């Protein structure tokens, strides 16, 4: 077994960081969740000019503290995982790295234009929340219902696009650039805005014929909104009664989370699992 | 039994105020409903400047009459309940008190800024309607379906937030402050406006790339609106056939309403119930 | 039997006007449908100023022709029905009268302000289409599903109103008249516009706190749109499989249409029916 | 059998162009799909003035290449089909011809106004994608669910129209031309915009009564959006479990695609099929 080769403190650390069953693991997860949410709020408020002017130094200190904490966590994760390379190049490994880098780089580079894009990378931490949330049973059911209806929803969206191309082009020919429908792509944009019942109102049909067609587009949109609902509804009812044999642990080897409790091997690194 | 310790008139009053089975109790409830709706309309119209100028004295007299009536009702409720303290500190007890206070306080304080906020407290009476409505069988079913799908809808809303944070930030980077996307929080606000298909149109993407991303956001929103529908639909179908063993009375001790007819003890004060 | 007391031509006329089974009856119904749609289009186009100026005399002649035709039809209906009074004071009898009157009255009164309101009465003919459509089996199922979920949808709408009153008032206190939220009723109006995901954009929150609350309102609206859908969906599935024993005829006595084929007596005038 | 009368190369060509089972047929279909999508993007970008100015010659060459390729494909299709006339006058035959013609005609005619309408014909190629997509099993189920609920959705849309005519007229009478409701058709247009929860915001009610009615319209719209969803949902659940016995081939005689795998004769030209 892989587990015996590691020193004891590594095993303990692993349990705290990757486990979700032990009290220490739960405390760690919740602390992490709070830290991530706090850091996201900081990043968001920093972008508000009036706030940034007032509390610049507070934001700066907060961000440095969080960045250093996440960096320590990143290093600990690498240390206690059996196959560090697998973790580093996994999706969450890259997210963990990318979201800590911007602050360090801001130390060297001062080009503000480039930095503002780079800073946004810190928001990648949001994905970490998604990972923590995945352990909640309900979201697994939701994800499964969505995954099962994936192909149908894709085809539905495709139909919406085709309809929008046809009707958008017709609207472009009817209304023309003088009424705000400047080009076919923009008319298609307007058509999707209308079809999805968003209706910004920045572009609106001015001619009588255009308004009649717009009416038809709206009613089509109103009617076909039923389609994805019907699909997910049927799919959700189907998955509802199935017993959710989902697991709440992650692979000790590479840190990939294990979705099904009856899995004997990690689906990513092939490591034989504890419960097998 | 608690009931024998009260004088007869208290018991009768209790039946009228808290009961819903006797004709007198029904008349009381309907009178209360009308009084509440009347008072809400008065509060709303008062806030319209042109109305307030014209009918100021009428609004004033109406409000005084209603306030005094509700005060009497409040005192009677305290008198005829067995455990007045429990009632006073219950949610509806506080609502009853808070919604009568503003008029009395307006007698002493004249700071209009503070008063306008305080006056709005009178609208808390709306919750009383909710309480009266709870006795209708249909709404119980609705509430139960919503309660059962609570955790799923919460997770769904959480996903919507995460998506909005990610896409809102990307929109902020694409469009920037010069096109109305002034900060990340405002971009997230715009993203939720678009994702929920509300589409105010106060902020709209101006660049081609922004419009393409907006299109994708709209279609995502249009597609995922199916998810809560599917959840509630499945939940509602499940609760539909169950016999609704709901009760229409309230605890004689503390005034809490009894939801399930097979309850033997009040879930709030533990009083042994009549029908037990 | 009532039928024998009428002369033969009256019976024949009755069959044509009220019946839907004979070829003559079907031709009559379709002719009527076309005449109604034509007359509705005329009324609508008349209100467009530029059209009215150009084709005033054409609209006038068309309207006179239609009005006279409908008047003849109205008189024939009275003649061939057994209980003319019942028909005259029935909903459709009043609709038939009111929709022909405006043109005759326009002959005597020339006050244009009053006339424009009066002319709109001609659009009441739209209800006639609804009557003709009722004979289509599908719409009966739709109406039944809607009728069965009536009380639930009513309670749902009531909840939406309560939520709008509470959130609208809070928005009024947050944003205030200086940001377009002029009064509590207008804030409630805005709240419903947002909650139903219509989102006109004529009033939009300007403060940060207002935008956060607006976000919450939108997500609530996005979430609870699922409720009526779930209700109707469940109800529609329930009524779907039931055999629709709907009738396609109307009472020979008073002209009320008979919805259920196993009805032995007219539900309005109590006349014993043919098929009984 | 028809097949033996054709020379061998025609049979092979037929298999490549019309077949979807052989590797060559699949490659042909995917190549076609890419060519169509590429040509659609070109047509769309051409309409953006700034792009057209920069890349005019590139667009021109691309369009000529695509047009010539599609022309060759069109001729090959005619050659290898047994009944060329049937193909030429079929829907897809006309689409194939119309979408290649504009480029050739642009050679002779230079009137830009006329050309811009004519050029849009090239977007008809979009329908070709729909044809290719039809072979995907999921879309067949979707189409069948939509087809089954066609009549119900039609009646639903009809109800929406009737409601819009009535409420639109009332809004016209309440608000009048001075508040943007210039005519009855435009008020109906506004009513549909509101009822379908699109809400452009180009026309909004200004009077208190108008806003109250608008509120009612929105809530009606919010409530009845449930109806088509319920219909499609119920229909989709019903068609979900049925085994989809759909075919993936097309008639060798006239090129019509065969939807059901148990079909023995082409539903268009009556040709006895291979698998019969």
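Residue numbering begins at 1 within each chain, and the chains themselves are lettered A, B, C and D in the order written.
Everything that follows uses one rule, which is that a contact is a pair of C-beta atoms (placed from the backbone, for glycine too) under 8 Å apart; a residue touches a chain by one contact, two chains touch by 3 or more.
Remember, predicted model here, so these are calculated numbers, not experimental data.
Counting the residue numbers that touch the partner chain, chain B and chain C have less than half of them in common. In summary, the interface at A-B recurs among the listed pairs B-D, A-D or A-C; the equivalent pair, sharing over half of its contacts by residue number, is A-D. Rounded to a whole number, the gap between the C-alpha centres of chain C and chain D is 33 angstrom. One inter-chain figure worth recording: chain A and chain C are separated by 46 Å, centre to centre, where each centre is the mean of the chain's CA atoms. Touching two or more other chains at once are residues 156, 185-186, 188, 197-201, 225, 229-231, 233-234, 237 of chain A. Residues 151-152, 155-156, 158-159, 162, 165-166, 169-170, 172-173, 182-186, 188, 194, 197-201, 204, 208, 211-212, 214-215, 218-219, 221-223, 225-227, 229-231, 233-234, 237 of chain B are the ones touching chain A in the complex. The touching residues of chain B, when paired with chain C in their complex, are 40, 43-45, 47-49, 116-117, 120, 123, 126, 129-130, 133, 136, 138-139, 141-142, 145-146, 153, 156-157, 160, 185-186, 189, 192-193, 195-202, 225, 228-237, 240. Here chain B touches chain D in the complex through residues 197-201, 229, 233, going by the rule given at the top.
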